[in-house]
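Following are the structures in question.
One chain, chain A, links the two complexes that follow: it is found with chain B in the first and with chain C in the second.
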Partner chain A sequence: MNFAPRYLGRGSWLARRDPRVLVIAVVCFVLAAIQVWDLRIMLILDLIAFAYYRTARIPFRQVRRQWMLAILFVSLLVFANGIIASGRIQRLPEGVEPHIYGYIPLLGTPVSAESLTFALVQFLRFLSLIAVGFPIAFAIAPDVFGVTFARLGVPYRFAYAIDLTWRFIPSLAEDFRSTIDAQRVRGMDFTGQSRNPVARVRRQIPVLVPTIVNAIAGAEDTIDAMDLRGFGTGERTWFQDLVLDRTDKLVLIGFGSLLVVATIGGLVTSSSVLWVPDAILPR
Partner chain B sequence: MAEPVVRIEGLTYRYRRASEPAIRDIDLTVEAGEVLLVAGPSGCGKSTLIRAINGLIPHAYPGELSGSVRVNGRLTTELRLRDLAAIIGTVLQDPAKQIVGATVEAELAFGPENLGMDRTEIRRRISDVAERAGIRNLLGRETAALSGGERQLLAVGGILMLEPRLYVVDEPLANLDPASAARLLGILRTLADEGHAIVIVEHRVEEALDLRPDRVLYLEEGRTRYLGSVSGFLEIADPDAVKLPFDAVLARFRSDPSLVGTIPAAPGHHAGAAPPGTLAAPGADPAESPRLEFSGVRAGFGDREVLHGIDARLGRREIVAVLGPNGSGKTTLFRTAMRLLKLTGGEIRVDGEPITNRTVAQLASTFGYVFQSPSQMLFARTVREELTFGPRNLGRDPGTFGAIVTDALERTSLDVVEDILDRPPLTLSFGQQKRLALAIALSLEPPTLILDEPSAGQDHRTARRFMREVMAIPGLESIYLVTHDVDLALTHADRILLFREGRVVADGPPLEVVEDTDRWIACNLRPTSLIRANARWSGLNGAFLDAETLAARVATGTAAAP
Partner chain C sequence: MTSMSMPRSMWTVDSRTIVYAAIGAALYGVLVGLFKIPVPGTTAVDARPAFALVPFFGFAFGPVVGLFTGLVGNMIGDQISGWGALTSYNWSIANGVVGLLAGLAPAYLGSMMSGSLGRRAAAGAVGGAIAVVIGFLVVFSDMIKDQMDFNAVLTTEYIPVVIGDLIVTIILVPVLVYAWEPVKERLGR
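Moving on to the complex of A and B:
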């Protein structure tokens, strides 16, 4: 049964890059994006992020579910943030008062042009981060995760743990699925889940317990196998050779420049201040 | 004289939390170029001996050790695991747990990387090993997508990369179809011929003999019961405890006529001494509608089709074994019938009704499905809770639970285990867990059992006992089983469905199906000594007999003439 990690971007322009580029690009992009509160610039960052994402050529139908979940999560986060902040808005230009449309019933949270813009910027920022981050999961070959992080200075035991995670996620998924099947033939019904989260977790016990017990039992063999091949006993080499080519360097320069521009722009321009389109201000 | 690769003197070892030593007073040497076969029933200390040789004991398993283990003349206690890894290569029983690389190349490179080997040298070795292990076609593939047989060969490849002097191989044949097993044994034989030492632990002795071991170490209860030549071992080994070639079994019966009276009641229900019950008088009645009928069935995983148009009828009162190579669709067939996998074409009918009219839970009332590993399903705090889980799911009357539990325990002989109802399932022995899995299936009172690899994880004796108990369960109408164990299938089934690449290539009584040797071998199956013996003495019109029954008949002159 094939539960291999989904290297969906295999062969794409981005997958041909040195995998360190994909990691550094995310770091640069995140640091740049968190400084931007101007909606117009955030839209540009989204354009850059999605253009970058397209170069990974990840088939949408195979990641549709992940995108749906990510968008749902981000929407909830932005909404909850708006509620928790009670209408307070960061990064407002000095002296500007919010233009309030009204108040959320019961909660009394004010809804203003500024709070909506604030939420929209946050939403677009998270979306751009996901677009830049997804290629790490889908466009890096599963066997180079360890060496990628090791070459970025992460101690090799931790770096190899990343490799191992990628290796054993499919096995865990396979065990999980087998256990579900084993309980289904005992009449367990996985449809009609309760809305009570505690009840939902309790219902999963017949699946979770065997999966976890087997994973722990299997880990002993894996540790033995690693010990027996000398893991963790001294200096280690990496079979995979990572070399930055000219294109890799250009991509890194591009993302590095983005970070520099965002940082300087934040200091000398209003890019780090919330910009509200005139069109949505109440007349 | 050169120092042996391994020298063990007076070795006794007790695990930290155990009350008794796992092995006692072991003395052993293994020379370069020698193949040592280690055999014995489950729990005899084989795994502990392996750990003592490869250095996991005492480096990774603290406990009480006396005596000494020397590898290349040096005490393992004085060597680091890193040093031992360069001398001893160990292949563990379950390759799925041993393989840590996400791709084949990453897996092969893992050991040399840990020893700090140069990248160019690693590449050279990958190329050599891929050729040597016959896995060049696997290069570039992700390990999660490999079949069981491919994983086993890759696990061996990962060890070959380290070019050790000694290879320690733990039950390598357990997950392999016979042809893959033969390929693996061929690799090990070549290594021995080149001067490497091999220690192979295997209770499938008949197949392991293809490796032409120089000596056999037979362990029982942690002690050396026998250490010497293969011929000497075949003279003393208990055929019930380890699987021996038929000629060895026959020789034992001829030399000791008293053995004839010790044959268990019915290793196969064909043997003429079957236990009472519906299964005692089986046989497909052509006029009777089948229990399970496959018509042009297609199914698989995602885009990958595994079953390519299966047509088969499985009777209400018969025992059917499905045989075939790894990945040929044997398990997929029954998982599709249970609606655990989606049917992509054709139709499956149960008792004349399409399976689409029933839920998985409803199908479970007809088919008790026993998975390969009991640990895949055990979760409850007590055996009682475990056994009432199914009936509760199906909405049975709680007032009947007591009777259901008692009945299931009695039918699987678990009722004799002390305080069984209140025992946590995971504290039972593996054999008891297997029987509990059977009891769980029976708690839904199905007329038919589906057994997926019933002998997996069990030694010869416990696997045979398990099958004997299954065949003796009262009230069962039919059993369908999927197995790699050719002799087990042939001796227990009325009918064999032979699978190859998702298609049925033969369907008939055991002796008829094995008659076509070319087809048998093309399905990666092994022509065992028992097949040859049955063909020789029983004749095509006879039943397929297990080794002891046939040997007894031959020894007493009651078998059909050759």
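Moving on to the complex of A and C:
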């Protein structure tokens, strides 16, 4: 269990960007991607997302587990939606009837060219969002989170809270490990396999409660330190100064344009309705 | 000489609010992915004990802390797990709304809040449960964001998450209130 924010993209092209670029890029990309239901455009968005991800040079070995979990979860979500929606497909062009291949045994859910395309677009969209989002955790230096959000217009108190949150993570994770070890020494058995969820939740109490209460009680030192330095009495200054260079501006213009094009395209073209390749339509 | 302190508004954002919010978000972000307890007889219902942090921090420290703990904590948990902080931003908002509503419990559970420690612990469970049921209605925005079917959101998202989170809220929030209140008294807060 390693919860320390890992700066895996250190030195990469993306890590050298102003960290605000990484945050704004994700926001623009998410808002653009959720408007697109045309498979061809979604494939282009995936290409953009993975090209962007590659510039962060995050070693795959280090994030393999995260990718596996994310892909597994997306697959389950898309599959469950396909099953439970019982063949109802959103974003079908007007007047188009689903081209049904057959029905799932027992459930009777129709499987059609349109439902498969819909599921594929959903899957690709989630993958692209994950690829664009990854660099926020791994290609932004942990010590600039506060100033990043402050310069993005987040009130400085909350920007400072975000900064503190990242800083607390490693020490709280360590406290949590120590609590588990301490309870094991006292004979706590965490391996009991009762099927009763209430009993299993209650079994976590000896670990969760001391970890949480100790963390809160230990916060007094931090609060006192902040009070003694006059936190909240005036606008805070930050050590780091963020300046957008020419490349940063070009990246921002690129992602901003993507959002504008996706929005206008959704209004005046068919990019926001499902497009089904002819090749998969049953003859 | 006598000293007087102004009553602290539940919307105050001072150093105490900031630090408790940061601790709540960090703890939630770290712990949320660790413990998942499947609920028998269901396919996708997990009780996540760490979720109790959201209603507890809201209830104990106010709506601003609850909102931050749920919103930022869920984003951090998603980011650490690889899902991405903004991939399911509406779920983070839902978590934040749960913390916010739990923090407003003193406004709608007035009589329970002023009683004994046992009554306040029960108020934590009731306030948290109400917050969970209402707060997670935000996930129905998946119908717009991901074009998901209403029944799919209801049966694979809303009901599972509410059942799992109600279990941990009702069990753990009173325990946390019982554990925290004496410490709070000792610290003079």
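In this section, the second predicted complex is superposed on the first by the 259 of 283 C-alpha atoms of A that agree within 3 Å, B and C clash if a C-alpha of one lies under 4 Å from a C-alpha of the other, contacts with A are read in each partner's own complex, and residues count from 1 in each chain.
As a working rule, contacts are C-beta pairs under 8 Å (C-beta built on N, C-alpha and C of every residue); 3 or more make two chains touch, one makes a residue touch a chain.
The structure displayed is predicted, hence computed values, not measured ones.
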item: First, second, both or neither for A:Phe231, with chain B first and chain C second; value: both
item: Chain B versus chain C as contact partner of A:Thr222, first or second or both or neither; value: both
item: Which superposed partner A:Leu129 touches (first chain B, second chain C, both, neither); value: second
item: Contacts of A:Pro197 with chain B and chain C, given as first, second, both or neither; value: second
item: Contacts of A:Ile205 with chain B and chain C, given as first, second, both or neither; value: both
item: Which superposed partner A:Pro98 touches (first chain B, second chain C, both, neither); value: neither
item: Partner chain(s) touched by A:Gly265 [first = chain B, second = chain C, both, neither]; value: neither
item: Touching partner for A:Gly256 - first (chain B), second (chain C), both, neither; value: neither
item: Partner chain(s) touched by A:Val185 [first = chain B, second = chain C, both, neither]; value: first
item: Common interface positions of chain A, toward chain B and toward chain C; value: 1, 3, 164, 166-167, 205, 208-209, 213, 217, 222-223, 226-227, 231-232
item: Complex contacts: residues of chain A adjacent to chain B; value: 1-5, 7, 141-143, 145, 163-164, 166-167, 170-171, 174-175, 178-179, 181-189, 205-210, 213-214, 217-218, 221-241
item: Touching residues on chain B, where the partner in the complex is chain A; value: 54-56, 59-60, 80-82, 84-86, 88-90, 92, 94, 96-103, 105-106, 109-119, 122-123, 126, 142-145, 158-159, 162, 301-302, 304, 335, 338, 340, 359-361, 363-364, 367, 369, 371, 373, 375-380, 389-391, 393-394, 426, 440-441, 444
item: Sites on chain A touched by chain C in the complex; value: 1, 3, 26-27, 30, 34, 37, 63, 65-67, 69-70, 73, 76-77, 80-81, 84-86, 88, 90-91, 118, 122, 125-126, 129-130, 132-134, 136-137, 157-158, 160-162, 164-169, 172-173, 176, 195, 197-198, 200-202, 204-205, 208-209, 211-213, 215-217, 219-220, 222-223, 226-227, 231-232
item: Residue ranges of chain C in contact with chain A within the complex; value: 13-23, 25-27, 29-31, 34-35, 37-40, 44, 47, 49-50, 52-53, 56, 68, 72-73, 76, 79-87, 89, 145-149, 151-152, 155-156, 167-168, 171-172, 175-176, 179-180, 183, 187
